[in-house]
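First up is the structure itself, then whatever we jot down about it.
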Amino acid sequence: ADKFKICWSIYVGWMPWALADNSGIVKKWADKYDIEIEVVQINDYIESINQYTAGAFDACTMTNMDALTIPAAGGVDSTALIIGDFSNGNDGIVLKGTDNLKDIKGQNVNLVELSVSHYLLARALESVDMTEADVKVVNTSDADMVAVYGTDDVTSVVTWNPLLSEITAMPNSYQVFDSADIPGEVIDILLINTETLAANPALGKALVGAWYETMALMEGDSPEAIAARTFLAEASGTDLAGYDAQLDSTEMFYTPQQALELNNSKTLMETMESVAEFSFKHGLLGDGAPDAGFIGIETPTGVFGSPDNIKLRFDPTYMQHAADGKL
Amino acid sequence: MKRLINAAPSRVSAMALGILPFVLLLIIYSMGSDARLEVNPNDKLLPSFAQMGDAIQRMAFEPSKRTGEYLFWQDTLSSLTRLGMGMLIAASLGLVIGLSTGALPLARAGFSPLVTVISLVPPLALLPILFIVFGLGEVSKVALIAIGITPAIAREIQRRTEEIPSEQIVKAQTLGANTAQIFSRVLLPQLLPRLIDSVRLTMGSGWLFLISAEAIASTDGLGYRIFLVRRYMSMDVILPYVFWITLLAFLLDLLLRLANKRLFPWYQ
Amino acid sequence: MKRLINAAPSRVSAMALGILPFVLLLIIYSMGSDARLEVNPNDKLLPSFAQMGDAIQRMAFEPSKRTGEYLFWQDTLSSLTRLGMGMLIAASLGLVIGLSTGALPLARAGFSPLVTVISLVPPLALLPILFIVFGLGEVSKVALIAIGITPAIAREIQRRTEEIPSEQIVKAQTLGANTAQIFSRVLLPQLLPRLIDSVRLTMGSGWLFLISAEAIASTDGLGYRIFLVRRYMSMDVILPYVFWITLLAFLLDLLLRLANKRLFPWYQ
Amino acid sequence: MIAIDNVNKTYGDNVVLERVSASVQEGEFVTLVGASGCGKSTFLKMLLGTEVPSSGSLLLDGEPIPNEPDSSRGIVFQQYSVFPHMTVLANVLAARGFLQPGITGRLWGKKRAQALGDAKALLLEVGLEHALNKYPHELSGGMRQRLAIAQALLDQPRILLLDEPFGALDPGIRADMHKLVLRLWKQHRLTVFMVTHDLQEAFHLGTRLWVFDKIRHDPDAPQAWGATITYDLSVTEVGVDEYQKMQEDLGQPIPPFSLVS
Amino acid sequence: MIAIDNVNKTYGDNVVLERVSASVQEGEFVTLVGASGCGKSTFLKMLLGTEVPSSGSLLLDGEPIPNEPDSSRGIVFQQYSVFPHMTVLANVLAARGFLQPGITGRLWGKKRAQALGDAKALLLEVGLEHALNKYPHELSGGMRQRLAIAQALLDQPRILLLDEPFGALDPGIRADMHKLVLRLWKQHRLTVFMVTHDLQEAFHLGTRLWVFDKIRHDPDAPQAWGATITYDLSVTEVGVDEYQKMQEDLGQPIPPFSLVS
């Protein structure tokens, strides 16, 4: 049987892969299509994407923005196999001592530079007619964000859960902007190598099948679902309440239909355009990129950018199979 | 009154003096902790000893709900295995390289500059490449330790080899020894205790590399756990883990020191 | 034929032998790079030398579009400043502590165990506390280096102080010297070159701590840039930066070695 | 001047010296010989003040000997007696500087000029006038010991302790050193204690010779008994026979005249 | 047996030895004396094969001396001549093992038993039979040199080179070592070259004495001329006067008889 490797890192929307792997669901689906799938957890998110980009994995979890700026910009033709969720408050901007986003002017903002946090900040500033030039961005590692926030010289941070909820729980802290204000723009996907997928449709089917079975298992209040989420909570280093809180600010697509709705909508295209523009402005599309459309992005509603250089594809085929119950 | 430089404490007061700073540290810590918890009972930076005790109890003596393992011991085992393997490889490679460059003029000419340059490269900066080359499994973590430590050990062993009086090499030759015999009977046995010493010296960097590697790609290990709970700033787990690492480092050092004494009675 | 252990290359062939491995490495790299770029011209893992040259050109000789600074030099300056300050603090503290514990029996009894234990603590694991205590600015980066390096230097200086023959201390006393004079005239001057040596030895760890600190919270610096561009896997920037760090480390080492030779003609 | 009364010295179970008694007048040149490890250096250390007797008394001018080294008692060891990081001149100057109170013991102005003069005169006396700016590692072994002696003498100690000062020197160089020591001893009116392994040297230099040895010996517990002064001789009184007997006792070679003449 | 013909040795500009010529018969005991740094050790190294003459020829039985050490020429240095990580017995056994081909040079079975017998016999001869399982650091300096000699002799070399073998020993211990060396020399029919600083020793042990010295000397360029053999004496011929003159030349002390008799 053909062997494949996928990787994921610790984040609320990707945790289900831990369950899928641990409960044997992945194996079950792999067996069904007579392939082997190895699921690998990688602690460091960026490292997981780099590994995927370098070819060490066939598929990997990441956000839409990182999918564009790392693998796609690195020349790896990739397909969004599963749209798992979008961040609906999971990423946010926190200020100390004020609940007004405008007060951010002139402050040092601690965030992981060039990540979705950076993008969120850019969108937030736009909403109050400011630009990045109005603040000073300080690159800060995500693992240390909570500790850093405790110091006096840090007055504003942009980060994601679970760090976000740790930070907002601290006194005198106000979440002034979050991803719920730009719904559907920060999307968590399972990205797969287009060539591999084309050559091995069985892999796509097995992964999608496993994913939605896992989704079904963890949704709701049945004892099985509670047990499943407790398992995920512990795997991400928190407890059930903590994990459920993270889920609350995540728009999980428990069914393929929900995911398809976003995938096939016009908004996806607009979102990707805005992401591409942001990325281009920050030099993330590579030095050869003359404009934001240098890398072509294919969506069901059309192609953004150069049609000759399509490297990122939103392809609903396999999710559609799942929706149609044809797996 | 004696001059300060001549004033030596008795054995008992020396012990007391040695313990004093630790006691002071503990007192300062609990005062700081109390003060912060007073203001904000949910403060996580300086947990009380009771909170740390709870955390240890949970990690070390209750099976994980998720996997049924005792996380603390599982982490310890994984980390020690990686560290041990990495140091073992580094020591073996370092010995071979250092012995050759130290004893063979031809090897020295060929490899000494390379080893010097490699020893200056910061291995952390090369992590991405390392992970690509060695994959993300145990190999890459062991490899980071090995790559980080080998040049240091190789250079130390080279220096030590050069320190062995050339008289001994000449003497061995006048007794008819060939190069292989000089290596196996004269140089190697004399370098083993020095190798252990140099493993002891580089063990600190070994821990650093281990923790860094586990932070990036791992699913267990002491470094992994620290970085995992760092997102929630669970200092009640981090501090006991740091203490435990310190203790392990101390015990390993002690073990190696004793081994050296026992195995090589002629050394020092 | 001479025995291998006696076969020494001539000066010229020694040079050639020394360069050979570097040339081989370069060849292997370009073969690997070509192979990958052949398959995917946008591949980022092993950039060609031309790509790296472009990246350097962009970073070092063209002002940044965003800030108007020459990033490469800005990074270098920041990192060297932090490293220099950190090492300076570590050296000063290490000297004071090591000299006291090495020469004064009372100080040894009181602090030697503490220094030993602290030297075993992995400082990376304590970063959060460090940030709280020192804030996020330059101080915490310098502090991480200082905290990471000081115990190693202190222990080394203690050892070296103990190595100074006690005959000298006795002799100074028979010449009427008090403790302060023994410190300032006999011990301190003899320890300075050893301090420089031990700074050289610990410089590697210094770079490690610097890179780690810059990776965590910074707006410039060599480590910052490497970890930032790691986000989009720009190995064409990372590799020249690593090379540059290696070169800087080499130059710093050379500088310290020459300073030692020049300043302390009596040393070795 | 020095009164040694029933001094014992033990390290734990190891009895090193036992019931040592003697008294020494100002200006005597006492040479100490004895087997290796019998406690000669330990005895010197007690005179110096870095070790104290386990029992018994050691009086200098009727007072107990200070339990720390000070400038009344100079010392030269077999090695490491000079400061390697100072030039020859600085080594000797330091000896004067250390007499100042203060933290650095550096000399300034008139005092420095005075000390410079004294130091140079002394270095001339020991024959190092051409090496003033050399570092000890640039000197031969013999020159290093000359420097150590000059340094020890600058502050005019009353007592000079020498622990095998020429043990590491070639025989050829020793003769010069002997001349030097004898000259300085007379000139500076020193009381000298000198440990040596070389009986010839001991006879040649000393006015008085002490042999340290164990009188009691337990083969099962060699550490149970200590050494004491077994011979205390005025050197001028010794005859050829006695000399040769001692030489055989100490196992030293017979001079080659019997072979060649 | 050994023919030295017009040998020169230079290190860069430094001329160490110049026009050295001599021939030595099997069984001679040659002692070499001379000022420090005049090239005695260098000469020994050429005999050993670790240095080669810059010009001239050095023949052993008519063949050029091999340019590497081998088991035909044993050596004992002043220090470091034994392996510190082996016991006394293992040190001597290693000498036999190294004659084996192979990587480890360990002995097994009958060969080992044979070697064990030989080694023990030799160690008995040098008086180390009670210290078979001690490590060198547990031995006194004299015992260590005995061990070095035993080790060098196990493989029956034809030539034994000694570079100040007793330089670091106490005079008391030397006498015993002299007896030992003379006995072994006769018993094993060795040709011995021994460097020493001690003229007495040189006379006592050697059948032939070489003095190395410079004949030409340029005070402005002390390295421009090298040393050569200035005296080549058959020891038994030397009279008291000549001895005393040489002693003064080398600056060595007059024995104390003039003082005490």
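Labels A, B, C, D and E are assigned to the chains in the order they are written; within every chain, residues are numbered from 1.
In the analysis below, a residue touches a chain if its C-beta (ideal position, glycine included) is under 8 Å from a C-beta of that chain, and two chains touch if they have at least 3 such contacts.
Everything numeric in this text was worked out from a predicted model, so none of it was measured.
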Labels of chains that are neighbours to chain C and to chain E: B, D
Top chain pair, ranked by number of contacting C-beta pairs: B-C
Copies chain D and chain E touch via same or different residues, half shared test: same
Averaged-CA centre spacing for the pair chain D and chain C, given as whole angstrom: 47
Centroid distance [mean C-alpha coordinates] between chain C and chain A, Å: 38
CA centroid of chain A to CA centroid of chain D, Å: 83
Per-residue multi-chain contacts in chain B, two or more chains: 3, 6, 45, 128, 132, 173, 178, 230, 233
Multi-chain contact sites of chain E, meaning residues that touch two or more partners: 68
Junction residues of chain A, two or more chains touched: 50, 54, 144, 146-147, 150
Interchain pairs in contact, sorted by label: A-B, A-C, B-C, B-D, B-E, C-D, C-E, D-E
Chain E - residues contacting chain B, complex: 48, 50, 68-71, 73-75, 77, 79-86, 94-95, 97-99, 101-105, 135-137, 148, 151-152, 154-155, 157
Touching residues on chain A, where the partner in the complex is chain C: 46, 49-50, 53-54, 69-70, 73-76, 110, 113-115, 136-141, 144, 146-148, 150-154, 283-284, 286-287
Complex interface listing, chain C residues touching chain D: 165, 167-168, 170-178, 180-181, 184-186, 189-190, 264-267
Residue numbers on chain E that touch chain C, as the complex places them: 67-68
Touching residues (chain side chain D, partner chain E) in the complex: 35-36, 140, 170-176, 178, 197-201, 203-204, 235, 238-240, 243, 250-253, 255-257, 259-261
